[in-house]
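What follows is one structure encoded as structure tokens, with my remarks underneath.
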Amino acid sequence: MQFTHLDDEGAARMVDVTAKQPSVRQATAQGSVTCSAEVVEALRTGAVPKGDVLAVARVAGIAATKKVPDLLPLAHVIGVHGAVVDLAITDTGVEITATVRTADRTGVEMEALTAVAVAALAVVDMVKGVDRSVAITQCRITAKSGGRSGDWVRDQP
Amino acid sequence: MQFTHLDDEGAARMVDVTAKQPSVRQATAQGSVTCSAEVVEALRTGAVPKGDVLAVARVAGIAATKKVPDLLPLAHVIGVHGAVVDLAITDTGVEITATVRTADRTGVEMEALTAVAVAALAVVDMVKGVDRSVAITQCRITAKSGGRSGDWVRDQP
Amino acid sequence: MQFTHLDDEGAARMVDVTAKQPSVRQATAQGSVTCSAEVVEALRTGAVPKGDVLAVARVAGIAATKKVPDLLPLAHVIGVHGAVVDLAITDTGVEITATVRTADRTGVEMEALTAVAVAALAVVDMVKGVDRSVAITQCRITAKSGGRSGDWVRDQP
Amino acid sequence: MQFTHLDDEGAARMVDVTAKQPSVRQATAQGSVTCSAEVVEALRTGAVPKGDVLAVARVAGIAATKKVPDLLPLAHVIGVHGAVVDLAITDTGVEITATVRTADRTGVEMEALTAVAVAALAVVDMVKGVDRSVAITQCRITAKSGGRSGDWVRDQP
Amino acid sequence: MQFTHLDDEGAARMVDVTAKQPSVRQATAQGSVTCSAEVVEALRTGAVPKGDVLAVARVAGIAATKKVPDLLPLAHVIGVHGAVVDLAITDTGVEITATVRTADRTGVEMEALTAVAVAALAVVDMVKGVDRSVAITQCRITAKSGGRSGDWVRDQP
Amino acid sequence: MQFTHLDDEGAARMVDVTAKQPSVRQATAQGSVTCSAEVVEALRTGAVPKGDVLAVARVAGIAATKKVPDLLPLAHVIGVHGAVVDLAITDTGVEITATVRTADRTGVEMEALTAVAVAALAVVDMVKGVDRSVAITQCRITAKSGGRSGDWVRDQP
């Protein structure tokens, strides 16, 4: 087994992608924030002036797609050419889905997953004052298309 | 129920903490990356030249404690005065624990949780090429001390 | 006349504030985005799904209070301890007001003014596709309090 | 009326530009800093060791062209391939003009306008200690060329 | 003699590279950290738990290749498409070599040199507590290939 | 020998400084850029419109004092409360001196040294187009004062 980000001696490197061609690539990731029934109820009924809660998290998620080269030391600088972050209130919290598109040289799986993680952190940041049980869970890449390895969709559990 | 980050009309704001006093505060967060048995085995036995894998994730996590004001729009600029990020290989993946300390005006729960999330993203970034099942799960604040609200430890499930 | 940011030979420097004491300081700035009557009408009546427009600009403005040391080469690193950005739709566009608070060693006038300017840029970014007449105007510091130079309120024209 | 940065339900998104082709695009923006006659005189006659004042603002403006993805949540990551920022002392203050060029997938209007706004903020930062009347005004995109929508020049008032 | 980064009047600018074509370019830089024999011995024999020392510096160097547009005001935003940073312990300290690759419009000499300088700073940061004699020396670009000016290798002294 | 940035097992950490007290601290660093006699002559006589060359490097150096937490993974977030960067043209190139001051919890040696290194990189960036022999050399901390370890001045060679 060989990790692409390490050379033969185990030293970290940024993988050379100069030979890859620019092409349209897309990736989707999902994840959840779980919180108390009270917070879910408050978010749902508007008993809480929820106003910007979802907007702040959505903006944080979209902005995070552009911070991947800064957050992940071995990630490439890549053009981020489209991003959508959706937040849906569920019975157990907030479900987050992010889709990122590029016409550049590498896939954008980490951009999508980072958007989910950071949007989730933003939700936690706003909710933790009223609910310490809050947690981030099941963040994973769920689909990708384009690029050399082609299309892929995660089997849902 | 009132979210601290919203005003009465639901507009986002950065909460005023000028009246809070600088004091030593600490927070701990935990989370996991789950991956295939093959990757766990490879990480464990060194069949893989794992070299910098854990070091890269640890460094990414520590660095992330300082990026919270940039990632979370409503977070304060705060002095980060100490940070430890531990990664342990378990039967199901990698368990991450981060502890952050400050002598500043607000708690560092989000700094600890962000360290866990970003270290987890760094692990996923390195592992996803060989294991698409990889996921980030159960990221949550587990303890805090200092500050007005005092000490707290999460009940373990 | 002596500019504080220049030494006797005119070379730029970051002014030494180590002798200043931490204390609560506050600053307010205002500015406007002017746009066409059609855009104002659309923002007002909701004929446009204005949804996140104001939320995005508000978040961009709040986030910008923390980017001053990065944007202005001679600005100090300072704790930003509170920030409010308001956007009001007027007959001629959008009026933006930002108030920033700190308990640190320097004033936050530039933080407040930068919040206004960046929130305005965010509005322009969203509006310019439908209205090329859009412009940013009358951005200025309107009040400050705290610090050695004391309180001040701009005479309104 | 439909804002490009919002979906049908009003949620913010980063517009998908993967179908756009890389081509040479240019944009110019202008804006002014107005200040007291004393400051203008000082800047003009050199009674003030003005040294780096204009250089600092110019550098801040050029650097800001690269910070747009960080400042504006919905802006794309784009190659900035050329930037000129001019500052001219006028009877009422400083007139700033910025021109940005790219060979990438989207226009650079916001990059040019951001350069103007940040150069203006840098001027204010240096001048406000001696002149509290200072203000930023009339920042707007004045011309663009290249891209699908073709060339455009703002009608001067 | 004409510096490319200045116009005819000596004003700084970001050079226009929109006419340059994307092509594979590579650059290598080298530099050294000199430190005491005791530190060299400690690093070599492992008497010191050197653990992450080299890993941290390597990661800092790789990450720095992506921060050039932020560090150098006149540098372009460029795709960084591959980066390797090597650190070797010598009789007098640590020798650092960085190679950066891109398929973009400009050379990556500054990216390689910045990686060396920042990896060196990271070594100093870790070593200075036990050895104040530590210094960074002989950082220079040693080779480049690709682009209009073709291949070049520095004559070794 | 024990490196402060590593724990007993050699894992990197951000050292806990919460027990340190805020106090005025200062550090100075120096370094040189060596270049050809032709470039030195051009810089000296003004045969070259050197205009902003030194100003750009000075601004880049000052700005870099604030980027240390971003560049060095284990560095603390610290208030930078004063910074001066001087560039002097010598017979062999440019001599750079940076002095940084803080009233915060840790020393600013790395801030001063980083200012020197980044100002040097900025000089190289501007000079390398006309002189490939350019190199950065002898960057080292030369003095510090304040803090627990007291005052120190490097013995000059």
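A, B, C, D, E and F label the chains in the order they appear, each numbered from 1.
Please note the rule applied: a residue touches a chain if its C-beta (ideal position, glycine included) is under 8 Å from a C-beta of that chain, and two chains touch if they have at least 3 such contacts.
By chain, UniProt protein names: A, B, C, D, E, F = Cyclic pyranopterin monophosphate synthase.
Only a predicted model underlies this, so the values are computations on that prediction, with no experimental measurement involved.
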>> Going by more than half of the contact pairs matching by residue number, which of A-E, A-B or E-F reproduces the interface of B-C?
In response: A-E
> Once you count every C-beta pair in contact for both, which comes out on top, E-F or B-E?
Replying inline: E-F
> If you average the Cα atoms of subunit B and of subunit F to get two centres, how far apart are those centres in Å?
Replying inline: 31
>> Quick check: what residues of subunit F touch more than one other chain, meaning two or more?
In response: 11-12, 51-52, 55-56, 58-60, 63, 70, 73-74, 78-79
> Can you list the residues on subunit B that touch subunit E in the complex?
Replying inline: 51-52, 55-56, 58-60
> In the complex formed with subunit F, which residues of subunit E make contact?
Replying inline: 1-6, 8-12, 31, 38-39, 42, 47-53, 55-56, 59-60, 63-64, 67, 70-75, 109-110, 113-114, 117-118, 120-122, 124-130, 132, 134-141, 152, 154
> Can you name the residues of subunit C that touch subunit B in the complex?
Replying inline: 24, 55, 58-59, 62-63, 65-66, 78-86, 101-103
>> Could you list, by residue number, the parts of subunit E that touch subunit D in their complex?
In response: 7, 11-19, 69-70, 73-74, 76-79, 104-105
